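Per-chain residue numbering starts at 1, and chain names A, B, C, D, E, F and G are given in the order in which the chains are listed.
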Amino acid sequence: LTGITSAGTVVIKGSTTVLPIAQAAAEDFMKANPGVSISVSGGGSGNGMKALIDGSTDIADSSRFIKDKEVKMAVENNRFPVPHRVALDCVVPVVHPDNPLRNITIDQLKGIYSGKIRNWKEVGGKDKKIVVVSRDTSSGTYEVWESKVLGGEKVLPEAMLQASNGAVAQVVSKNPYAIGYLGIGYVNAELKALTVNGVVASPVTALTGSFPVSRELFMFTNGWPTGDTLSFLNYVVSPEGQKLVQREGFVPIYAIE
Amino acid sequence: MLFQLRREIEILKNRILLLGAEAEKIVAIAIKSLKTHDVELAKSVLDLDLKIDRMEVDIEEECLKILALHQPVAIDLRFIVAILKMNNDLERIGDLAVNIALRSAKLAAKRQIHLPREIFEMAELSETMLKQCLDALINMDETSAREVCKKDDQVDDLHTEMFSTIEAHFHAEATDMKDYIRILEISHQLERIADLATNIAEDVIYLASGHIIRHGTGKDTSRESGHSGLTA
Amino acid sequence: MNAMDSSFKIQAQDVSFYYGNTQALENISLDVQTNHVTALIGPSGCGKSTFLRILNRMNDIIPGIRVEGKIVLDGVDIYDRNADIVEIRRRVGMVFQKPNPFPKTIFNNIAYGLQINGYKNRSDVHMRVEQSLKDAALWDEVKDRLDDSALGLSGGQQQRLCIARALAIEPEVVLMDEPASALDPIATQKIEDLIIKLKEKYTIIIVTHNMQQAARVSDITAFFYLGKLIEVDKTEKIFTNPKLKQTEDYITGRFG
Amino acid sequence: MNGPVPVKTDRAGTRSNRALSKSRRAEKLIKSTLFLVSTVSIVIIGLIFLFLFREGVPIFKVESIRSFLFGRYWYPTYDPPEFGILPMIIGSLAVSLLSSLMAVPLGLLSAIYISELASQRVKEITKPVIELLASIPSVVIGFFGMVVMAPFLQSTFDLYTGLNVFNASIMLAVMAVPTISSLSEDALNAVSRELREASYALGANRWETISRVVVPAALSGICTAVILGMSRALGETMVVLMVAGGAAAIPRSIFDSCRPLPASIAAEMAEAPFRSDHYHALFATGIVLFVMTFCFNLLADYISHKYRQTGTATL
Amino acid sequence: MTFARRLKESIAVNTIRFSALFLALIMAIIILFLAVNGIGAISWDFLTQSPREAMTKGGIFPAILGTFYLTAGAIIVAFPLGVATAIFLQEYALEGRIVRIIRFGVNNLAGVPSVVFGLFGLAVFVVFMKFGSSILSGSLTLAFLILPVLIGAAEEALKSVPQTYREASLALGATKWQTISRVVLPAALPGMLTGSILGIGRAAGETAPIMFTAAAFFTTKLPKSIFDEVMALPYHIYVLATAGTHIEQTRPIQYGTALVLIILVLGLNGLAIIIRTRIRRRQHR
Amino acid sequence: MLFQLRREIEILKNRILLLGAEAEKIVAIAIKSLKTHDVELAKSVLDLDLKIDRMEVDIEEECLKILALHQPVAIDLRFIVAILKMNNDLERIGDLAVNIALRSAKLAAKRQIHLPREIFEMAELSETMLKQCLDALINMDETSAREVCKKDDQVDDLHTEMFSTIEAHFHAEATDMKDYIRILEISHQLERIADLATNIAEDVIYLASGHIIRHGTGKDTSRESGHSGLTA
Amino acid sequence: MNAMDSSFKIQAQDVSFYYGNTQALENISLDVQTNHVTALIGPSGCGKSTFLRILNRMNDIIPGIRVEGKIVLDGVDIYDRNADIVEIRRRVGMVFQKPNPFPKTIFNNIAYGLQINGYKNRSDVHMRVEQSLKDAALWDEVKDRLDDSALGLSGGQQQRLCIARALAIEPEVVLMDEPASALDPIATQKIEDLIIKLKEKYTIIIVTHNMQQAARVSDITAFFYLGKLIEVDKTEKIFTNPKLKQTEDYITGRFG
């Protein structure tokens, strides 16, 4: 009863971080291949994986690598997830443009997110309470943040947990006292991206790994892809696809001119 | 349209007219028997009177039934009540006719007796009155009913005259006093028949106009066309 | 039990009726004469409507009821196990307290019952609609607007339409539960006149709490009290000279 | 029936017995079909229970019911995870209570206005408009709260965040007012004109009539309206998801952000790995939410039945 | 009247007036704000095109269509169920335990939060029945969400058919089903339709239940089967407002979509209200 | 309890009893004037009769009013109708008493005339009957009403005897024939008073039992205790 | 215009009434006598209720109405600009067609009007409640259950409660709009008897479409037709011998 296999249809689900890439790629791919219909939904990395496992999606976007538990479950369900790295991402701390702060250290971030630092003046800002914005604890983005920044500490309960990168961008861009973090693709003019330990988040620092909070973005398939799914994935990793990745603000997996 | 009440009233009217007809008839027979000295004829009134009695009872029950079942008001109520009274009067007329007939039967044996002219005049007058009051009833004709009332005075006068007439005869002829008493009594019955006819006429007037004129108490206010009374 | 008698259309024989555990009627025996109007009177709650609705098994739609005794329609017990309720209701028509025409056209209000009862032929239906409207003394008033909604008629016209609707399927008995109580005096008169006319063709049983109405329209009056049938007699007898003191007290208002 | 055996020829049975039993069978069939269909609701409720429990109960192998309900920390993805939903429960109650505080008087007073004071024309317009407002999709209200209200509140009151209990309550109130107003107006409207006239005829003025006759007579309907309004606020998802701020901590002031139960479910369900403890915990959160609204609905039902008073006298 | 009585009355009455005005003001602000901001985005292309350029351009046609499919599916499932249930409850069922249970079910179904419906749809249709995230799952979820609305409306409609109609029909020798199908239902149908329009409005506006069961973030191709995912207006607003990398650029689209959704839902409700007043007026004649 | 109707009926009952008392009184006066040859006394009946006439009209209007306004049925209706008739009868009794008085005034001039014993017997009897029928009305006493009816036969017999008695006297004394006629007429009036009292008694019987016994048509079926007729 | 006369409680002087553009009453002049029962009769829609409700300005509630002419209560025009409506309504009480007790206790139903009109003292209120229940012939039936809901009373009792409620605030005039039309015959009788008793203390105006009722209870009857006052006279005169043919036709049912 799974409808995903009908010819000419590709279903993509998962990470909200990867969503813009998938959406943009799907749009262009479909323009080039009018016979193919691609549907893209978000929901988060976990959800994408779940869909892959129960067979309700062809491609699961993920902003993290698959977990052991998920692999186990997949295998139990006779599915064999295959990762395809499609882009790199920096998870960038952002503040409101009005915030005078420019740089922040990993330790400061850890202090802020674990609730030990509560005032901007402690990190060199105004004497204002810090409004901490975070992703939901189950998101891939958060996982990266947790492992790279928090280092095992728990995020403070008062943190405003947002369901998507976009939401984080929204909140921070509207709130002069807020700090948040999000995929580099979501940084825009209404946000100020902070340098971390003096390193600017950029494709270069991401590729080189010098930006402390960077990660790889994946699309998972069940077994080696075939047909339209394969063509689509090929398109994503092709130079044209990677241009889209760049256009959406992410970091291509290889340098393109 | 209160269909049923209308119908019942129609039926009742017919019945009272029938009764009226019987009353006319019995009076006519009684008077004829007096004129013709016909004993058999005179005796025949008894049966007729029985019939009238039965009719009277039926009509009364009918009236009661209508009152109970249809609870008439205003004109309809006045009609029923008037019928109740006429009914009584007509039955009385029957009784009076019997009285006349019985006496005329007794008188019949003595053909030689002179029956005064007045008695026939009275008979004629009261017959006319009876007829006329019944016609008035049929047509709800107040004028003709009032004429009946006027005629009653003539009858009364004739009856008063009778005493002298009879006395005169009595002394002249010295027949059996009983017979003269009978004649007087007959005159008296005729006078009473005229009275009853007048009663009926009065009832017709009451019916048609809503005024009781009996005992000369007629409070005569007639219908108006504007609305009445209590307001400015 | 008395023998079947063809001058009786319906015979209730020792009927008791229960709503759940409360008894609403107690051993009612009443014979309804063919082509007569029988009126049921009595104070509120004495069981008039209940009794009426037993006669076409309309009470069946109420849950938890129980009927004892027999209701014999033309010699056949309508509460027999094999009785066809639908057929009984066709034969024993009913008119209700409040005029309740269907929200259809005047024509269809009447045609409905005909169609249900298997009249297929259109001209047949037409004929019967006309006839029953004439019977109900409504034809002249509505003949030019048969396709208008029945709800546009006045209360009195609606009630006559309901009567026509009941008559269309040629019932043998017509039950009427306070058919004029929602109407003004003038419309009431029309209905009363109609009832008197209808008894030539139908056997009519009417519930009314207007004693004057019972007096005016009925041939036979039955007085119910507290679920019992107290007295039944010719209407004129009941209203001029009832046998029982209880009846006399009720109709003269010496009651309660 | 104690009736004896039927008498010979059955005139009542002019239709043939076969036709008769056929039509009876058809009637029976229709009835049973309808019955089966009508059990769908109960089946669904049953299924909801079943699946919520099926998917939710496993969490209690990991976390005791007590610590689930009263735990103050919600760290579903840590190792070891913490599944305490007390902050969410309190967040939910806070926003629904605060929104009721705003919505009830406003809804009630406007209902009174429409039913008692407004002229016929105004009434004919406002009543449907209010009903229309009740149907504005929650996502639109949430959108408005997030995009317009939050920055407005933040700048006007100089807050740390505009996404907070207060904002969520206002938006929920905006959702609940039409419900409360419309249902209360129905209840007020059901109070018969006779009752009002009776009061006027005793020399009462408008306010006396409203406060002492009309409102008391409609009280059960109004209570039901209020409870249903609150229940709607409690179960509303999109508004709180978009406007409440999302902090899984017990709010200390109405200007703190919070994370009501539905928001938590909606936000995390998508991310929670299938059949993980987190997934189960979210279903268990669903159970809690379900039970809470369930109680509200039972209460509303109880009130509307128990204190049902019709405006007019029953004869 | 004493002065105190007069004063009390005028204070009270004016307070009531003021609150009503205040409410009207709030509502007007919200609606006007959305309308003013959204009207600019709405154009023929907006209504008939797919989103383009990472959703920053183009229209919302797939979302409109998806909402249409979802609500149509929901009403197709829910209407017969609702009407049948209402008929059973109003016409056939004798008061008793069964009815109490069914009614209990209906009442509580009405109170289930929409997000719980989402969970239910996810657990039952998407996962257990393996329909996946699809029109089917979403429609079914929405169908059960609006089922109580439909049952309620249908019951009201049936209740408003006077008992005497039924008795009149039965008294003419109609069977129960004839009575229901030919007298009761026609009289109740307009009311039922109103109910279903209200149901449609509700279904079209819900987000939470379809979030896990049917809604796609993006697809330009129109669905080919009921097992396809679709875009939907409410969800589209939600994701545009909270996800995506170009939130500020899509703002006009967000307003436009919100306005379209409001117009759709309010339009449907307005229709229901108009029909209802028509019916009432007719019944009052 | 139909308070108002009850009250009206009570009032009506009082009025008819008052009228009855006046009727008794007028009869008593007329007879006394006959006995005592008191012309003044005899003439005083005229005023009384006028009063009786007025009372009769009032009572009839009252009955009509009750019929119209309260629409009585059954016992109440029978009562009103009976009152209507009694009213008529009592008024007639007044008229008859006037007749007696007028005649006794004429006779008073001639004290020598021998008034037959029977006439006083009749007078006494009819007075008793009148009293008794009114008592029967007050108490709704059927038995006593039936006694009245029986007494009527005695009066009739006495009246018949009168003829012979008078004739005997007449031949013996040869006084003015007119006087004898007057005596006979008085006898006749007394007989009629007795008749009317009987009518009233019959009405009481009708009231109490619901049966019309007038004209000997009494269909005598008495009340039952079970319920009646048409059913099994 | 006639001079003020103290035996007239209310004088309607050339009153016309409009609902929007439709005229419902046309130049009505009617003087209501103190301590009498005045009955208004006439076919449905003739304006009886409208006229009645003019007398305590109850029509004011309806939008778009217009009154012409004067209604004089004890010599003062109640439609005067300075008239105090609330006070007028206190003085001219009203009882409605359908019994409409408040959904409160029996006691509070009556106490309500008293409290509104400034009775503060509890024992005063108690006394007046008892007195008015006695006046309405209801005291014996309810004295042991004053704290029960008034909705638990029977229809007839409810209507008497409504009368008691109206009497409690000591009105001078009591208007009754078909007060017994929703009641059964026995309850109706009780109300009628009560009305007759009440006229000793109050001036009563009653609308009824039951002519027999008008006949039974009223001293004066006014016949309305098509918004006009056709005839007004002593009740016995109207019912035995009305002046106008129109009246006679209506009361004898020769109408329409």
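As a convention for this text, a residue touches a chain if its C-beta (ideal position, glycine included) is under 8 Å from a C-beta of that chain, and two chains touch if they have at least 3 such contacts.
Quick caveat, the model's predicted, so the values are computed rather than measured.
Chain pair with the highest count of contacting C-beta pairs: D-E.
Chain centres here are means of the Cα atoms, and by that rule the chain farthest away from chain B is A. Between chain B and chain D, the centres computed from C-alpha atoms are 89 Å apart. Mean C-alpha position of chain A lies 35 Å from that of chain E. Between the Cα centres of chain F and chain G there is a gap of 48 Å. Chain geometry summary: the mean Cα position of chain B and that of chain G are 50 Å apart.
Under the contact definition stated at the top, the residues of chain E that touch 2 or more other chains are 1, 127, 175, 212, 241-242.
Residue positions of chain C with contacts to 2 or more other chains are 86-87, 91, 189, 211-212, 215, 239-240, 253. The residues of chain B that reach two or more other chains are 1-2, 5, 64, 68, 71, 73-74, 77-78, listed in rising order. The touching residues of chain F, when paired with chain G in their complex, are 1-5, 61, 64-65, 68-71. Looking at the complex, you find that chain D touches chain E at residues 23, 26-27, 30-31, 33-35, 37-48, 51-52, 54-55, 105-107, 109-110, 112-114, 116-118, 126, 128-129, 131-133, 135-144, 146-148, 174, 177, 181, 205-208, 210-211, 228, 231, 234-238, 241-242, 262, 265-266, 269-270, 274, 282-283, 286, 289-290, 293-294, 296-298, 300-301.
Chain E contributes residues 94-96, 162, 164-175, 178, 182-183, 186-187, 282-283, 285 to its touches with chain C in the complex.
The residues of chain G lying in touch with chain C in their complex are 43-44, 184-187, 189, 209-212, 253, 255-256.
Of all residues in chain E, only 1, 5-6, 8-9, 12-13, 15-17, 19-20, 22-24, 26-27, 30, 33-34, 80-81, 84-85, 87-89, 92-93, 98, 101-102, 104-120, 122-124, 127-128, 144, 147-148, 151, 175-177, 198, 201-202, 204-208, 211-212, 234-235, 237-238, 241-242, 251, 254, 258, 261-262, 265-266, 269-270, 273, 277 touch chain D in the complex they form.
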